[in-house]
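Both complexes below contain chain A, partnered by chain B and then by chain C.
Let's look at the complex of A and B:
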């Protein structure tokens, strides 16, 4: 007796030691090691076999990676499916658009202007800096510029100009509209004038001369900016540029628009400003809006209602300067506080806390820089780049991958659930009831199997799909996939039930007086369900691939809703295949990882449930 | 008092090739507290008789004629619901294959408890306690552990004990054991048989013991019914079959002489019954055993004998029962 107690105490000690290291994994304390090994439910054994399988581990890691990437990631990165930004199409992967060159602060900032993905800055010594991502060579400052002392810079979305101390204009970058070089006509007019300022917008360039004349060239077919009315020529004091318009401040104090007329920007200019009654101290333009700072320190905004650009925040202090990015506007107060409003799609209005003490904001397109009284850059914000680049409409591929994956994974899950529900139900009824019902149901599964899947879905999708929103179409795809893919599962369940039904324990259960339905549901079904789960897992991978295939062909999830399949759709364009690898390799890799992991998990589950099959 | 009376029972299978008369006019009776051994070759209808008592039928099978009286009540025409009250509660059954008779994915506890909770309305906890008690009563060494085990963790003998525990859980009046020891090795077989005898003595449960092994019958049974081709050919108390009776059915004789004996001449060939059991779709006219019987006459081949008493508790279905010591 005493010995036994001792032994027990020993065992307990050993167990507490063990549980200390295993984190309580060994659970029940009163059992010794051997017994613990013995008492393991079949499901536990299956789990153990499954988790010890190397391929299963790879599969689980892969799936967890994809799952957290899509479901958790998409929570942190919301997506506006309708967002497009033509200027940011097909941008290469890369970040750090906002990492400005610290050397710039040594001599003090004279000017900072950004293109779509890059920024070019000029310091007070006339030195030019650039950072961000190269776009059409606009990032590479030519040696003529680095050798010279530069007076002014002007940056368009993908080209740049520099004006040397000697009045020479040098351009570089994207040159399809010859916006980089002074054209012959402009050069001719400049023979007795000196260039005092240069400007650049979306693929166009402009110079202002000492005779207060403005000459515009480049891509002016759609915006007609090259037509500067004679009445303005010779009176132009200041110029601000935007995609379709310029705003000119004339020497009589009038503010006049140039370019495409008939927009809120050109038509809604407050009368006092248009007439020159109100003295304009500073002004700035966004894509379709303008802001004017008067000599009282008050601001006036007009233009389109897009992006909430007319909802100016309350500013209780005097404003000392204004600035305009493509989709946002900025005002700097006396206290050095930056007020921002407009679109936040690229974090344009997300002004960082260290922007205190700002004197001026340099804003153009999507990158913003705040400069203090000492002409030093103190903060930068806006678009810092794209980890995985952008697609053909300027949407972030990274974010679309996350949200698209969510759609693809979800479509697969719902489709599998639908197919599993039908399959298990029909298989069960068929297996248990037998007779004419079995016959009927099995013939039905044969009919369903004989329907060619792709043609049916394509037909259905193009018939019903045209009257449906892209959301509903997504549900349609789930239902169609689910409704057509249950026959193999139904057959599997039926055959398994036919096997289990004949086993002795069923007869024994009947002999014990256990009721028929409880035998079916509680004794036979649990024996069948593990097989069904394996089949469902493998089916899930197939569903994902089916969805991807359908969307790739354009019959599945419809853009702008992303799915990996319709993101791959881009690969139907040979230009994309050749130049924009990130737009199609990445979704393809995602589909590959997801389908492969799910397949590995399914196979490993199958092996764990039926270890004998593995030994063959 | 008679616990069970079977009168002229016929259960047939309907197959595409014809009607299979699995049980073809069986008449049996069992006294309370006794063990009835049913013996016969494979296909003689022993198991089907047992199944018929519990109405555990295949889809194509039913009772065509006859009645089964259990405790004076005719249960042969009771409904499925009534039957499920009787099964496991009043009449239990254990099977030949202990390896597959337990559901592989549930613990022993869950399987025994299910029966208890179903028939006795016990709570989960009560059922668990009772289940451990039952395991103890079938002499399982570590009932707590076995109670939590899964079938695959147990040996064949253990499983058969668990099956017996389950069958006896509701203290049934009648236990039908369908070749319970056939799949076990001889030592385990002896243990199980002793256990069943002990339990019978303790609880007073009547047993129908189905086997093809006359040695087991000798050890277990009080009464013996010999079956051939779905019919009972002989019924008698066990000692009469083995020694004391004056007359014996030729088939029973054949069965007895085909057992090797310690005192038989080792050089002599063992007597075997020639031929095989006739195909159930193609039963012979007259006495079913006639084609294999060395005493058969023309009468045997043309007319079917009735079960006739040769002494008050001894019935034989034969025109010319063999007189012992004739050989």
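Let's look at the complex of A and C:
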């Protein structure tokens, strides 16, 4: 019973497909018995045979799926080929980075801080929550922390720290630089001091003591953050962290930079703020920018021009708080409106409508949370995760699959068209003309086939395309593949012409006095062309596989332009094979689906055109 | 027969000539100066000029293009394939070991692929549309649609990285240890076998179906011969004719076809040599490799043609 229903649905689908193709093009009607007996045109018969083939239907559906995934999908998800984000390298597939724990709102939010892919929050009861994707164990809150009442939390990109009510610091997560535990030197200095605040940045951590001294440890080789000048020690009131710098607010009201100097962030601090003339009420840092809120409710921004972070939107009201993510800055107005500017690559500035009535924005790295007057989270935005993970430079694999598929499919189509044009032309000329021309052309095809395809393509690609741009290299690959793959088609067309020419129906046509060119055009060519189309279809699958192989070896489409082949290039590294399966299995599966669909269509076309071959 | 062979050989000469001109031209358009690569960076500036002159003369690059071409062709004819700037050695010596490695690898592939595809192909042909037949049909369709290196990568992932039974890539450290050779060869041989099965099973199946549909099979059956005799003695022997020729024609892919697999498994074969030569801009080596491939291809095709005529007396030559 159930089976019958399924079959019906399938048949219905087949019929609708059929009407899509034949109905639209040929205006075909339901035939009555008498008409059924009449002779139908060969193209109609081929179409009918083709569309009734189950495998052909699967192939069409598969190819339409791949086609819409790449060509239509890529319209909705634009891609910046040069985008990279080192902090988001090799992230596992998964979403829901922004799905915060509702329990957090019961006691009210005290602090929310995000790492690269996860968020850790602290409520007013001293309880710690975490959500998002685990990264190096930074998501797993240790039992020492869940058992204690926590006063403060600090989250770096891949590690986190918690400060208990008793002043004890507990760390967890990525610890290659020992950033998750207080080192011996720092502990020694803390013997008469109490830790009052903790901070964390990219692979480093810091503590602020009750004597207003700051100690930094972890990965400080490149940012020199561990060198805190003596004149600041003992006067540090507040700290904000970024990758290469910290901004310290001293108790005399001055704002001073720490870490690598010589950047717009450290050198362009407005004089009034650096001297303490202007009172700093709140401040925040992004990667290379900073924003300061003065006691008049006005904001001051400085730093690098990247991501348009200096283009502050017009704010007509008083600002009550500011916040900074890695590539975006935020200001909250008196009315509860959130102003955001900076990069929107991970939807950082895409503040949702529910963020009305915001009092404070918690922003760090790529996840943002808006909190209202009752200390409840009302909205979250930013990076919600990656459906298919990220690659070795932090790019979204899902989006690259769409855009890469476009390149692979296009390279294949153009290569096949070039090869079909040359192949059919040469095949027809040598088939019809014969003689010395035939001999010459066949020698030419022999020359091209005798040098193995792959070595020759690679040689040409590397000889001609050394200093080409990514775009031109793609065109080069199309042309090389097309120029070297026509010989089999030329031979097929030639032999098909020779065979058809000798058939009885041609003799009959000749006997009936039909003109020679009309015999060629109306009797011989249709048979030859239909074989050529089958060959082209099967060749298309081969071209896609060749592109993948070429790019896999590094001689095909060059990055940053994605193609399924050069996405697979990552799999030259065995750590990628072992740990980052989504980076190589997914593009390979895409190639497989595309090539399989095309092969199914090609085989079914061949069977439809030559039903006798199938009966064997 | 001999007349036919001689005629075939003569028809090959213009093809080889054309290929040699194309490859020589390719060598000339190669970017980068081979002389520059051979001058040691430690040489002093005044020494460099002297060295440049010497090396240019030594490589014969000071002569005109036609002269260079004639010199190169006559050397190749003598068996001197040129000089590799990458290894600072004759191309002959550079490709000797990799050639051996590639042939060893592909010999086992051919052996395995052939035996499996003959067994499976005959099975499929006899029991047409049975489950076994359909399995092999699907298998070859999928294998034709999957990138070669993906099969290799999957095998590495399963057997080398997850189960840790076999090394993921490389060559045996001790070249005389047969056990090590086997361990290192299993995965590449398996990869290449799976890929080549796709085509050969179909081919054997079709050849066998062709043979089974002939009139003499009907005659054999009507004589009351047992099915075994009909299949293996009458049909298979006739089906062997196209199979043998295809196998011989495949000898050329023995050398060139394993390039991608060699790259995946870092197998020190000819494919790896070509890839390294391209990366090192070693023109002579690249051209020598391509010329070598072309000659092997033409030779194997020639042999295939001759064998075809030999094994099938129905073929009329001339």
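Following the convention adopted for this analysis, the second predicted complex is superposed on the first by the 556 of 616 C-alpha atoms of A that agree within 3 Å, B and C clash if a C-alpha of one lies under 4 Å from a C-alpha of the other, contacts with A are read in each partner's own complex, and residues count from 1 in each chain.
Criterion: a contact is a pair of C-beta atoms (placed from the backbone, for glycine too) under 8 Å apart; a residue touches a chain by one contact, two chains touch by 3 or more.
Quick caveat: nothing in here was measured; it's all calculated off a predicted structure.
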If we overlay the two complexes on their shared chain A, which of chain B and chain C does A:143 touch? Say first, second, both or neither. neither
Chain A: partner with more touched residues, chain B or chain C: C
Under the stated touch criterion, which partner chain does A:516 make contact with: chain B (first), chain C (second), both, or neither? first
For A:507, decide between first (touching chain B), second (touching chain C), both and neither. first
Let me test your reading of the model: by the given contact rule, A:577 touches which partner, first (chain B), second (chain C), both or neither? second
What is the contact status of A:467 with respect to chain B (first) and chain C (second): first, second, both, or neither? second
Contact footprint of chain C on chain A as seen in their complex: 443, 446-447, 449-452, 454-456, 458-460, 462-464, 466-467, 541, 545, 548-549, 552-553, 555, 568, 571-572, 574, 577-578, 581, 584, 588, 591-592, 595-596, 598-600, 603, 616
Chain A - residues contacting chain B, complex: 35, 38-43, 434-435, 503-505, 507-516, 523, 526-527
Can you name the residues of chain B that touch chain A in the complex? 54, 56, 59, 80, 83-89, 92-95, 97, 100-107, 114-115, 118-119, 145, 148-150, 152-153, 163, 166-167
Considering the complex alone, what residue numbers of chain C touch chain A? 14-15, 18-19, 22-23, 26, 29-31, 141-142, 144-150, 153, 156-157, 161-162, 168-169, 206, 209-210, 213, 252-253, 255-257, 259-260, 263, 271, 274-275, 278-279, 286, 289-290, 293-294, 297-298, 301
